[in-house]
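Order of writing sets the labels: A, B, C and D. Residues in every chain begin at 1.
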């Protein structure tokens, strides 16, 4: 698709001038409007599933990628998503993923990195290889996915990259050094890329999810912690969508979210 | 309206349980649904006007308060708002304002503090009384308004208090010490009250507006700084509304907003 | 004293070039070296007394200022300090203080602001006037003292201004909104002035004292909290001195200090 | 030397009670006092050399480790340091290093991690393997060294671990995503370990070196940037020493340092 065509279709966050609402809003009802495509990397039962459902309900095409896609068939049936097997810390697999999504659906307009990993325990007990893996999954995989997304988005001059953080992104907890490294590192990536890509009309944002995310009706932590102590992933997903739809005249690069009884 | 009645109508951010969307969304179509009331303190041509317009468009009753209400008649006509004269650094006037809004319309569901003041210049040139006034308007007035709002909201067990910050809320710029004190102080208020009132179902949030806000078509800074260098207040207002409507399972206490060509 | 003379005496943080240690160190043994003068505002039994003792032991002249100087006679006898009565939120009294110290001793080389105040309790119970006073003492008084110091130091092209913060400077605690405003505000002042005055060879720094400071042998909190749960003010004072003596090639504007069993 | 003997000699940051200065100060003049040992990992011409010189001048034994030790012979001659070849991202080599230093000299009392690496350029141009290496050297290597240090220090119940950060530790710059990840990650490690090890009497601290460090008389940046635009490494080293000697009643986990003409 050439530039002129894209312009006619009203790409997102386009150069519509400062005088009005972004083109994507004006053209929402337009039957010619290009359907958005979302790629969610690191899919599971919690936030990734809620994102897939909300984005699908908003009319987007959905691609979901995970190391194991076996458990994703129900979600794919429900949302019309296509699933992809991908180890996000392998640059070749990430490139293959983007090529496949682009061939099967479209270049993604919105890319979410939602994978993380940690080695728990006091520093003296941690296995170095487990720590290396934790940093790679939480941080380096985010880089590879963001880089592949940025390559497409820079050429298009539009797009959104959303990275999922945690309490550990802004506070280094004891006995959690591997998670602190991975999550601080991912936040550094987000801030660097937000500064770097904002002038190229690409919106990079980071979400500090400060609390436990309800993993479905069977989540035993909900009864232990009491009502209102956990984040509902459907509600978190609304913030991801909101940030994606922010106009370029009023962008955020970070939002902290927590349930109302969370200490912070 | 007594507590029981309010409960039946589904007040905002109510105890609806963790299993679904907040009551206020479910009942939006309900003809019995209580209409929300917004009070905006510190009204001007920029953000306050955009907030009044957006909140009115969303069906809210609007009250706007300022030291000088002379310029507000067009906005009142456009949005159906009632205007009130109030010096926000005077505790008696703030109490009178809340009593009047409550009598005229309703206890406000959402209160925005949007006033600020500064004495510009190098520290050695500043007039101490001008600095004292700047701190009072930017920070102490926010306290008085938040306190009056909290008194009503604690009794009701619901409500939203939104405080407007600036770049100076998180970075102390040279030759801007009075603004740094006022805006850092207001952010301290916001964070303290967010922690204090969250368990009482009151949502306190702070907005770091990191850049110049377009003050209307005649704003000469827009042509000087170039397209996309200023925040559009209509777009900022969307974020205030979004935060107000966050579910209590997924709240933020702060969002930074900037235009896409702002250095940060 | 004219500029040339000051240069010969080796003023502090002078333009000694990048090739060596600052002049003040080289000339410490010089019998002509000017004796430093420290002014400590907000004197009490804890940190202010420790600062007076350490600075006196380092050979400085000491001036201490407080609203009530009645309790300061022992400290004056011990350290050779002169005491001054001053209400730091009154601009005239602050100017008078600096004039008196300058006449009695010398323009101060190092000025410490150590006063603070708070109104405790949930927001709905706070007396607005008590909150106004708290903000003025914690923050506006710091401005007045820093301004008076800066006027002298800018003319001299040297000097150090040290502002005492607390946990509340960086975290807004519930039921502590007045302290959050005052202490966040003071930190904003510190950061603004650090940026503004650094190019004029004036070192502004802020100390986040994150924990209880032992107020002397009779402090009942020490036995309640257990050994090592409180900051020893003599040890805090060492950090103030260290920061004062940092070379201008390697300055900090902020240090957080806490005892080893403090949660943070 | 067994534990009992070490206790008698007054190890550093010992349980001396809250009533006085730490044992290490009182016993400085004691001819039996154990000589401290410092291990500096990531040695070069700038900060590492200054640390070696200052620590040696303070009477410490010095061990320096680098991937290439060829250039270190002059520094070893000057400071009496022993040099060790070590690739800090290899867990086996790090363990070997600590075993060798312990056998040759003593368990180190103070361990500094000073290595970092970056892949420069816009995100779309970066080689993924170079980014992976940059994260490993800046962050994972710091973990391995801190872990090896912690294992010894936990058993001894004393010790200091100092990690060197940069501007990029707290601000993600454009075209510098690899450095942002590595340095944010190292800061996360520092904060996590500070919280975790503080109750075990181990002092972990992080230094945000916000500016260019003069690399010796031949450093061409000094003339380009002007006098006072660069940090003198000898002055930075004084802060490392100061933090090491902080009493456990008044510890910091982080200091930012910058030259007086640095923008921040």
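What we mean here is this: a residue touches a chain if its C-beta (ideal position, glycine included) is under 8 Å from a C-beta of that chain, and two chains touch if they have at least 3 such contacts.
Note that this is a predicted model, so its numbers are computed, not measured.
Looking at B-C and C-D side by side, the one with more C-beta contacts is B-C.
The mean-CA centres of chain C and chain D are about 29 angstrom from one another, to the nearest whole unit. Computed from the mean C-alpha positions, the centre of chain B lies at a distance of 35 Å from the centre of chain C.
Chain contacts: chain C has residues 195 touching two or more partner chains.
Viewed as a network of touching protein chains, the structure reduces to one closed ring of chains, two contacts apiece. Touching chain D in their complex are the following residues of chain A: 91, 122-124, 126, 128-129, 131-132, 135-136, 139-140, 143-144, 146-147, 150-151, 154, 168, 171-178, 180-197.
Chain contact summary for the complex, chain B toward chain A: residues 17-18, 21, 195, 198-199, 201, 214, 222, 227-228, 230-232, 234-236, 238-239, 242, 246-261, 264.
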